[in-house]
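Sharing a structure, written as structure tokens. Questions coming.
Chains here go by letter, A, B and C, matching the order in which they are written, and residues are numbered from 1 within each.
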Amino acid sequence: MRDLTLNTSAQMQKRHRKETRFKWYGRIAILLSLAFLVFMFAAILLRGMSAFQQTKIGLDISFNEQVIDPAGTRDPGDMARANYKPLISAGLAEVFPEVTERREKNQLYKLISNGGMFELGQMVVENPELIGTKQTIWLSASSEADLFMKGKIDAKVEEELRRFKDRDIAWFNTLKDQGKIKKKFNTTFFKSGDSREPEMAGILGAAFGSFFSLLVCFVISFPLGILTAVYLEEFAKKNRITDLIEVNINNLAAVPSIVFGLLGLSIFLNFFNLPRSTPLVGGIVLALMTLPTIIIASRSILRSVPQNIRDAALGLGASKTQTTFHHVVPLAMPGMLTGTILGMARALGETAPLLMIGMVAFIVDIPKGITDVATSLPVQIFLWADSPEKGFVERTSAAIIVLLVFLVLMNLFAVYLRRRMERRW
Amino acid sequence: MEKQIETAKPVKPAIMTAKNVDVFYGKNQAIDNVTLDIPENQITALIGPSGCGKSTFLRCFNRMNDTIDICKVSGDIRFAGQDIYDPKVDVVALRARIGMVFQKANPFPKSIYDNVAYGPRIHDLAESKDELTEIVIKSLKRAGLYDEVADRLDDSGTSLSGGQQQRLCIARAIAVDPQIILMDEPCSALDPIATAIIEELMESMKERYTIVIVTHSMAQAARVSQKTGFFHLGKLIEHGDTDKIFTNPDNELTQNYISGRIG
Amino acid sequence: MNSHFDASVDLNLRHAKRSTQLKELAIKSVLIASSLVAILTTIGIVLSLSFEAFRFFGKIPFFDFLFGLDWSPQTAIRSDQVGSSGAFGVVPLLTGTMLISFIAMVVATPLGLYSAVYLAEYAKPKTRNWVKPMLELLAGIPTVVYGFFAALVVAPIIRSMGSGVGFEISSESAMAAGLVMGIMLIPFISSLSDDVINAVPQALRDASYGMGATQAETITKVVLPAATPGIMGSLLLAISRAIGETMIVVMAAGLAAKLSLNPFEAVTTMTVQIVTLLTGDQEFDSAKTLAAFAIALYLLVLTLGLNIIALKIVDNYKKKYA
């Protein structure tokens, strides 16, 4: 007689425990992956947020005409180039009259950023009225002072091991007690190009480099990608050449990005002699890289356009091209644009190929067009990450935050487009 | 009247009873207050037009509906006197006692041997390799497939013909020696010859197993079953001896269906 | 019936047809030309890499490159030096690449596969709808960010953990780069495996449940074996990704071309060396710069080979259950 009981047995219980364990492995795998994501974001946010503020030191500066513009011509070039160092030194001397020895004075001066002089020059050029007056001016503190202010230099560490010495700390605290130190929103970071001084370095140059590269990338890859997709989906007959193109596109999507960089180096730089280190070449390389992504995405969108729309147009006597470009492509356009934006978002994060075509240089100037030398946001991150100065750590993280914000915005835009334009067939 | 019928034929005890069963898919009622007994060692056929709920009802017996989130079953279904929806019931045990064969043959993409050995392996039914092989061979024999595949047990189960695949699935179900085998339109994808072989097989299996078969073919129901239940729009319209249902149904709907006026 | 009328209509139509035909032809040519760009890109890649690589093999024998155990192109800086051509044996780079890829796969495979299984088989649609994009976010983060994270956060953690048990670990290590790369690869494995698992017919699961198998048994004994080819494909694609990945290794793995399988030492990879060789101020035709192209060609052959095999496997798999 068979066992007809439906109650559980020891063997079944064991199996159910295994089931529970197995399910938990899955949960743990997902939790671990997501935890890592959160950990990485948190680590970067934690390090990067402080970079959005910059320590400023307020000094009473007398804008001495003798120093700034002895000739009295008020020529902007002369005024910008004038040596403002004495003015700053004088301002410091007012707070610290006891510091007289030359080496000490130099040390004291190092509280202020090297860029302080340029800040003053800029102010005077913008507002020549300042000359002859005495004002409290908030100058950027040096990177060391900035780090100390943000609690990133530990005063308890042996003096030998830190660049911000006990004496610096004493001066800094004196200034702080007098209310001459405060943290302000770091506009420099968003308004300048690269710099050797962390406190003077900004991402605007890199951002423009990225923008111009993406512009070139879009102009090339969007039409090419869409036309290729249209050809393969709507016109191409099933034959060996079409197969070859298809296999080729799938494989191109898997070619390591650095190889595209080498392609750019040997073909566009060495063979066609296009200008090195420029968004033009960067954009072309990124376009070739993004092309497969756009083609693959666009094809799947075209495939989702129902056949009866084509049949309707063809039935009214429209030609194949008319049908395709008057009816099918407009319907698929939002989807194809979404795919392109997602491809561009990936291109925005690409670093390796740009290194190969020389977009990895110390470039202070902000590029004005696609043929100016430039870097890009991710390359700037790479460069700063490689810098030994401690002040660049927070700036690297901050640049990453900015890059991620751009990526999120692009993705949100793509999602918005998809939601907005989504058609239900 | 009813008593007369019961005494006229030998009555088998019901191994499975369903009382006032309702099934809902979300808000749609798929089964409406069905009460039906499944007698032991007989073949019970569930017939009716497609979408009438006969498959849904069949899947209540081994709680296959559990895998569908929105499916809610209520009522009292008992197997050998035990409420199968009782929280104490282990669905693993239930399905080991009540096997199932599906509409489309679904052998695993494994060897013929491994297909049949799957159940005994997961339920730890064999103590040794030899015993497992013994079970596999016995099951294949009972499913009438052994002679055809004896020399290629290592071939993939998917390499067999449609009818053979379905018999492989039957062998796979038999391997855990269930009390009941549920068959959900097992021949709907087969040719008449393969169907005839399986019908013959069912006849011989009846000695050892209780079979509940869902079929859209009235001829098949008439050929193989001893009891028939006719479903229409989620309701069990009429049930009883197959002979009676097909020759002298009580209900006009049944009459109409049998005679092909609805379908 | 007016025969004259009929003829004129016919003529007009034919006339119209010819101009549209010309236009259609022009448009079609543009379309074909666009499609050829993808082909041209491939040809450009293959030709440019091969051309420079052959020039390199003119200076350094092919077999010295392929089987050489010593990589020290730095010695080539001074032309008057003995052995001024440097040593260009690619084997240490290959082992470094493989070591890091291996570590990455050890991390990514279980996490990716278990995630995929959970999402495909257990997760409620609601959970799935937000977890899946979250996981895919991992693939959307620029690799330079991973590289920074590996160098700045992960490497020090590994180092301090090492010194905690009295174990000296260099600040750049295969471990840090491999771990972080593994995390990056999770979505490559989970997304494709998820698709593949979903493609396994429900009928197979039903058959297993119908036998009284638990869900875990059904997954491990029926679903995963059935999905194995597709999963293998996804793993191969992930390996191909790992081999070609550049920024993480450039920033976290180091430059030391040692023939070592110790994951706590600094190792170098093929991609790292390409970057190092081509970002210095080099004259372009030196063996050093040309070596980069030879490495890149090797890299291309490896990744494309893996990719072609992977796509083939996945393709066959999809056809099986289509």
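Keep in mind that, in the parts below, a residue touches a chain if its C-beta (ideal position, glycine included) is under 8 Å from a C-beta of that chain, and two chains touch if they have at least 3 such contacts.
Please read all numbers here as calculations on a predicted model, not as lab measurements.
Asks: Would you kindly say which chain has the C-alpha centre located farthest from the C-alpha centre of chain A?
Replies: Centre of mass proxy via C-alpha means gives B as farthest from chain A.
Asks: Of the chains shown, whose Cα mean is nearest the mean of all protein Cα atoms?
Replies: Closest chain centre to the overall C-alpha centroid: C.
Asks: Can you check how far apart chain B and chain C are, centre to centre, with Cα atoms defining each centre and the answer in Å?
Replies: Distance between chain centres: 50 Å.
Asks: Report, in whole Å, the distance between the mean C-alpha point of chain A and the mean C-alpha point of chain C.
Replies: Taking the average C-alpha coordinate of chain A and of chain C, the gap between them is 23 Å.
Asks: Averaging only over C-alpha atoms, locate the centres of chain A and chain B and give their separation in whole Å.
Replies: So the centroids are 64 Å from each other.
Asks: Provide the list of chain C residues touching at least two other chains, using ranges where the numbers run on.
Replies: 214, 217
Asks: Quick one: which residues in chain A touch 2 or more of the other chains?
Replies: 15-16
Asks: Could you list which residues of chain B touch at least two other chains?
Replies: Touching at least two other chains: 92-94, 122-123.
Asks: Which residues, counting only chain A, touch chain C once they are in their complex?
Replies: Residue list for chain A touching chain C: 15-16, 18-19, 21-23, 25-30, 32-34, 36-37, 40, 43-44, 47, 223-224, 227-228, 230-232, 235-236, 244-245, 248-252, 254-260, 262-263, 265-267, 270-271, 288, 291-292, 295, 319-321, 325, 345-346, 348-352, 355-356, 360, 378-379, 381-382, 385-386, 393, 396-397, 400, 403-404, 407, 411.
Asks: Would you pull the chain B residues touching chain A in the complex into a rising list?
Replies: So the residues of chain B touching chain A come out as 79-80, 82, 84, 86, 88-90, 92-94, 97, 122-124, 177, 179.
Asks: Tell me, which parts of chain C touch chain B in their complex?
Replies: 124, 201, 203-214, 217, 221-222, 225-226
Asks: In the complex of these two chains, what residues of chain A are touching chain B?
Replies: 2-9, 11-12, 15-16
Asks: Can you list the chain C residues touching chain A in their complex?
Replies: So the residues of chain C touching chain A come out as 20, 23-24, 27-28, 30-32, 34-39, 41-42, 44-45, 48-49, 51-52, 110-115, 117-119, 122, 131, 134-135, 137-138, 140-149, 151-153, 183, 186, 190, 214-217, 219-220, 237, 240-241, 243-247, 250-251, 271, 274-275, 278-279, 284, 292-293, 296, 299-300, 303-304, 307-308, 311.
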